[in-house]
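To start, I am sharing the structure in question, which I have written as structure tokens.
Note that the chains take the letters A, B, C, D, E, F, G, H, I, J, K and L in the order they are written out, and that residue 1 is the start of every chain.
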Amino acid sequence: MAGKVLVLNGPNLNMLGTREPDVYGAETLNDIEAKCRARASVLGLSLDFRQSNTEGELVDWVQQAQGAFDVLIVNAGAYTHTSVALLDAIKAVDLPCIEVHLSNIHQREEFRRHSYVSKAAIGMIAGFGGFGYEMALEAAARLLTNK
Amino acid sequence: MAGKVLVLNGPNLNMLGTREPDVYGAETLNDIEAKCRARASVLGLSLDFRQSNTEGELVDWVQQAQGAFDVLIVNAGAYTHTSVALLDAIKAVDLPCIEVHLSNIHQREEFRRHSYVSKAAIGMIAGFGGFGYEMALEAAARLLTNK
Amino acid sequence: MAGKVLVLNGPNLNMLGTREPDVYGAETLNDIEAKCRARASVLGLSLDFRQSNTEGELVDWVQQAQGAFDVLIVNAGAYTHTSVALLDAIKAVDLPCIEVHLSNIHQREEFRRHSYVSKAAIGMIAGFGGFGYEMALEAAARLLTNK
Amino acid sequence: MAGKVLVLNGPNLNMLGTREPDVYGAETLNDIEAKCRARASVLGLSLDFRQSNTEGELVDWVQQAQGAFDVLIVNAGAYTHTSVALLDAIKAVDLPCIEVHLSNIHQREEFRRHSYVSKAAIGMIAGFGGFGYEMALEAAARLLTNK
Amino acid sequence: MAGKVLVLNGPNLNMLGTREPDVYGAETLNDIEAKCRARASVLGLSLDFRQSNTEGELVDWVQQAQGAFDVLIVNAGAYTHTSVALLDAIKAVDLPCIEVHLSNIHQREEFRRHSYVSKAAIGMIAGFGGFGYEMALEAAARLLTNK
Amino acid sequence: MAGKVLVLNGPNLNMLGTREPDVYGAETLNDIEAKCRARASVLGLSLDFRQSNTEGELVDWVQQAQGAFDVLIVNAGAYTHTSVALLDAIKAVDLPCIEVHLSNIHQREEFRRHSYVSKAAIGMIAGFGGFGYEMALEAAARLLTNK
Amino acid sequence: MAGKVLVLNGPNLNMLGTREPDVYGAETLNDIEAKCRARASVLGLSLDFRQSNTEGELVDWVQQAQGAFDVLIVNAGAYTHTSVALLDAIKAVDLPCIEVHLSNIHQREEFRRHSYVSKAAIGMIAGFGGFGYEMALEAAARLLTNK
Amino acid sequence: MAGKVLVLNGPNLNMLGTREPDVYGAETLNDIEAKCRARASVLGLSLDFRQSNTEGELVDWVQQAQGAFDVLIVNAGAYTHTSVALLDAIKAVDLPCIEVHLSNIHQREEFRRHSYVSKAAIGMIAGFGGFGYEMALEAAARLLTNK
Amino acid sequence: MAGKVLVLNGPNLNMLGTREPDVYGAETLNDIEAKCRARASVLGLSLDFRQSNTEGELVDWVQQAQGAFDVLIVNAGAYTHTSVALLDAIKAVDLPCIEVHLSNIHQREEFRRHSYVSKAAIGMIAGFGGFGYEMALEAAARLLTNK
Amino acid sequence: MAGKVLVLNGPNLNMLGTREPDVYGAETLNDIEAKCRARASVLGLSLDFRQSNTEGELVDWVQQAQGAFDVLIVNAGAYTHTSVALLDAIKAVDLPCIEVHLSNIHQREEFRRHSYVSKAAIGMIAGFGGFGYEMALEAAARLLTNK
Amino acid sequence: MAGKVLVLNGPNLNMLGTREPDVYGAETLNDIEAKCRARASVLGLSLDFRQSNTEGELVDWVQQAQGAFDVLIVNAGAYTHTSVALLDAIKAVDLPCIEVHLSNIHQREEFRRHSYVSKAAIGMIAGFGGFGYEMALEAAARLLTNK
Amino acid sequence: MAGKVLVLNGPNLNMLGTREPDVYGAETLNDIEAKCRARASVLGLSLDFRQSNTEGELVDWVQQAQGAFDVLIVNAGAYTHTSVALLDAIKAVDLPCIEVHLSNIHQREEFRRHSYVSKAAIGMIAGFGGFGYEMALEAAARLLTNK
């Protein structure tokens, strides 16, 4: 097994650590990436870790993942709730997708409780902060093993 | 009559042929463009045929059409359902707009049955696959003739 | 190819030309029928063109189309929005159905934006006035060719 | 003034007198017609008084009123709440329309509180039993006087 | 028969003639009162005709009508749509109530299509301008005759 | 006991056997009528078995049942969901009504889960295919016995 | 303890005893006031007991209670369901408020099941008729004791 | 054929006969069981007839039916409207399920018109009182015959 | 008067004192029971005070109250909002029921503002903490006196 | 330019400074009036500054403004959300109206996010505390200059 | 670290393996328990693993967890969507709760997309089948480490 | 005071002057910028004035404002109504934000009456055309003075 995982982060996730720390915690996105790299290394996965504030760029990246990656891990941030384009992109590529959220979106404002990404994802991990990414990597590893 | 037509394609339409073929068919966007060019040639229309995954770029293109084109043909893909910005752009330019969809959006998920583009379009053609673009060109030709 | 097409028109379409001309235009239903016959002739299609104000009669006609026609073109007028019986009739016969509307129903009152016919139709053409019928004939011809 | 008035009665109004008398009273439709004829005579109006259980027949009658009558008085019964076809017919003819209901529909089941006829009628008279028809004739006479 | 009728007019009806004349016409409330007095005289009814902008004062007047009047005619203006207090007052007195509106409220903004007064009124007359008051007096006279 | 039962079938039920057999089964309406006649014979009931695609004709038949029949069995097909006129007709006659549906309407599209007929029917039998008619005859026989 | 309690009664409560006695009982507001005075006397509370049909007057009274009273007991009648102004007044003064209703509003029309007063009240007592006021006085006494 | 049928009754059905007899009739659950046993005997079915007020116990019984019974007849009482657990249990066992209700739930409060059981049941019989159980047994016998 | 009162407490009320003390206070259910016993003694009432976490057991207890108790006092906790079974049980027994809530449920989450118990209860007391039980006992005593 | 401005303040605004200071700030209405007078003086505007708790009095004042003032500035407080009467009054007079709110109503309870005044106002200024009134005066001055 | 974890399974989870295997997979609950025990052992956690079909029993178990366990892992099955009682129990105990679902509930029927448990849980893991329990144990271990 | 203000303009605002001038006026965005610069100069503020059609670019600019500017003035155009990403960006930076709209969005289509920006903005100024920007600068100056 030498799976390739693309981790996509949506808008404002580059502000982690300074952005509403009572909601999102003090970890920065760099911290999370570092932990992901460590965990991926243990699991024998290679990792591409990206962030964009632009919906279209995230759509581009998902499309380009076809053939280049084995699993998508997606924390689409605000686009989770509004982007049909991202949903369609995920459905358009033939890759398993794991949805991650730092906070438990089910406890937040009404408009944050709905996810377009969920309609195309295998599963969701929400509420475990940056550790949720590591859980997603574990799940990705298992998916690749069971393939 | 030597009308100029701008055909705009929204997110993920560049994936046609591989993307959910049971919904969208096996034709690629290149196939559709080729057929449009052939039909436009018969109708005496010149054609610009573009695709973008980014909402803002589609808005830019619509704005730039003012003065440069005579008719817009728009398949906004997922932005059909979510983009007020695109609706406003179409309303901001003084050009007739024809809305096209490959599938019959009225038979799909609830969130795909609503179209912001419709609020600014002369008419809609939906459910005829790539042939719908050709029908739109026919309608465009007629609009220009009747002007 | 010598396809037979049944064009059905629902309530009040016999009033075209005098009925709310700012919404529906000055063409009469006879004008539209004449243009349809001309276009059908070019396309090698035979045509039956009918209108009724009674839901049950439209249902009867759809049922009788089975075996007698190859394609249905339906502008159900007001019954578009209220008739489950017509929807069921279209589903009950094994014929492709093309939905036509003179105006762009997506821009009108809320209750006109919903179509029961759409649930059984291959596609919809709306907003192109009487020319929409000719577009539907083009689409019908193509369906028969591809069969 | 020698105005011609068409009074249309929708489904089940022929059952008046026996049908749910606690809601609709003991008067029969013949009783109401007789009183209408007496009142019309006083007002110098001629009267055509019809009833049908079929939506399409009511639509036909409304269409035929064009040029033949000066005012429509419509108690569409159950079609009040469900018939877009009847609404469209009334809008299609160029005649003032007065809506009448025996009971006060605003006090009844939710689905009886909405009227499609109201969207095309000058005004509504509801809750005065058969006398409401006479009130409508008074209003019709006044409309014709003021013309 | 020497019935006493209380006609109540709600907020802004004192502005009639100058207020949105395309909606409410050029007649003033004084004009309407004069016509009501003439009609009441013919019908053998005595008349008290009042207007107030204050919900509480209208409630007071309804309460005081008990024992002093035989019929209420109520055009509650804007309070039609918002005043449960007025509804309760009408239900609290043992008098038949006739609801009048100048315009056809069923054709106006959504919030004007609902009437609390309707829940307690015998019937509604809407859309006949000031003449609707005279129709209400006719209906009142008939109610008193039939008592 | 020599009860007379009127069995009414709404639109498209004449298409049974060919219409969407995965939903409605392979039995034709003639098959069902034959089984009903056999069962009625055993139960000592006389039977009138009719079908119409026209709402108004079904309303007519219900009205004419008064005095001529003892029980109504109604499978109103699509009019189940849209016809207030049929509901009013059933309420207007003084006869027990049993509602039958071939499929379990509670498992179908949202708009098929609501029944106007139910508001006037003693009970509903749904989901047992043509056998449901026989169950309704059993219930009718029992109603007549218990009268 | 020598607490001062202001009891406010909203519109139509002055009609108690004659108003819809099957809903509100035969007790008059004077009867209730008398029982309140007796109970207050036992509890060592002084009492001001008022009624108004005018929303603004009730708002005035609530505002004036600041510094003059220790507890508010409010039966706002119809304004319960419609008055944001009264809610704001109660929130603007620094006094505990107890909400009382004669009937169990949770069993009445939909629009009577919502209370703006509840958003600012400590608690609600509903359905116990005039005795509910005495229960509120008990609760007021307890509140003052626990202060 | 020697089919085994499990008849399950939900909460408060043990109160039949005394509970709201105008809604549910005077028959007791014992009466119904007796009639069911008689009918089952005629049909050659064996019968287990149970009642519980506890959702979990009903779920247990459904689960245990797998392998022990051939058909489920379920009158889940109040749990009809609220129990997803019961729905899941019925779906989890591989047995045909027939839903029974004493009253016509479609005529009752809004919250009683929705049934979770319907989502897993072959069909529904509602409104025929205790006789509905016998009809269900007839249907069960037929199901077993057709197997 | 020697009335017998059954006080029923729903799920998690056994956790009072430790459970979310900012919402529910520091009093334990034992404290409340003790105060109820003292108050009942003064009022000449006998008391049975129970708690259960199981919906079915609460239903059982309500059913068994018939003939054994004179009044029900019910704080159904979470089942207030979800249990149709409990509502039906209360309606099935012929006993007055008083609903109590510790907190003012009208100020809490949307799903806590609806009560099924209210549909069967004489009245509701909410927001007065444990003292609300004592108020309910006062109301029970009065009900028994007035019987 | 010597414009006359009427500033109207709705219910509870006389409580400013003491009323929920975390929402509305510590400024009193007198403070705001003083600042308005200073700013008006600079702008060459005359000012009438009023407050009332009674909907009808606010309606009276708006009506009287016709001919006496050039601009209305309205902070209708709670009546913003509930008063159709006030909306109608503003529409009935031929004066530009500027809507002011101390807090940002878009961030508050659902029922405070809707404004009837907005339907008749040129614009809204919300969330700037007492300074919003000064901004409104600036806008008023500009309106008068541009007239 | 020697944390104690209580894993609770709701209704029908004992049917895993045989119940709708296309939705829930072929693993039995015993299989999942075994894997949990293995993983717990690696993580140094002790485990109590229970299942019940009864809402009240699950509430009891949650209450008893206080003081006896360090973390709750809850797959409430159908009660996820309907049980306010379970939500309240989780909030009543002072323990972190991790919500697990076998399937991705966001892709299922509307009524399965809402979770009461989520309102009290730290986070949710959904869609990873039995492996989700192991992920929950990883998260539990981390929570205990970070304490 | 030497505050730095970032003014952000969303999609299609670059079309001002030509775009729907009856809604948005004849002023161009350059005109508005010029007036803003003049006003800023008077107020001692420095100004950065930008426009973009791309949601992600607007998010980028908001993020970069942290530390570089003192106040945000945002007219997000169509993204006002659809962009959670922009809302999150504004919340992520620690800067006061003032929302501006040219038209009174409260009078426009339903989907334009909701603003995500409002959830993070201090206040809103809507309906004053380009002058609203100047008002926002006044408000910004005051905010900086009061800091």
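Heads up, the rule we're going with is that a residue touches a chain if its C-beta (ideal position, glycine included) is under 8 Å from a C-beta of that chain, and two chains touch if they have at least 3 such contacts.
What you see is a predicted model; the values in this text were computed from it and never measured.
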Chains touching both chain F and chain G: none
If a chain touches chain E and chain K alike, it appears here: none
Interface numbering overlap (same over half, different under half) for chain J and chain L: same
Pair from J-L, H-K or A-K with over half of its contact pairs in common with A-B: H-K
Inter-centroid spacing, chain L versus chain F (mean Cα positions, whole Å): 64
Euclidean distance of C-alpha centroids - chain A vs chain I, Å: 48
Gap in Å, rounded to a whole number, between the CA centres of chain G and chain A: 55
Sequence positions of chain H contacting 2 or more other chains: 54-57, 82
Pairwise chain contacts, counting only pairs that touch as defined: A-B, A-K, A-L, B-C, B-L, C-D, C-F, D-E, D-F, E-G, E-J, F-H, G-I, G-J, H-I, H-K, I-K, J-L
Touch list for chain J against partner chain L, complex: 104, 106-107, 115, 118-119, 121-128, 131-132, 135, 138-139, 142
Complex contacts: residues of chain H adjacent to chain I: 10-12, 14-15, 18-20, 52-57, 77-79, 81-82, 111-112
Of all residues in chain F, those that touch chain D in their complex: 54-57, 59-60, 63, 66, 82-85, 87-89, 91-93
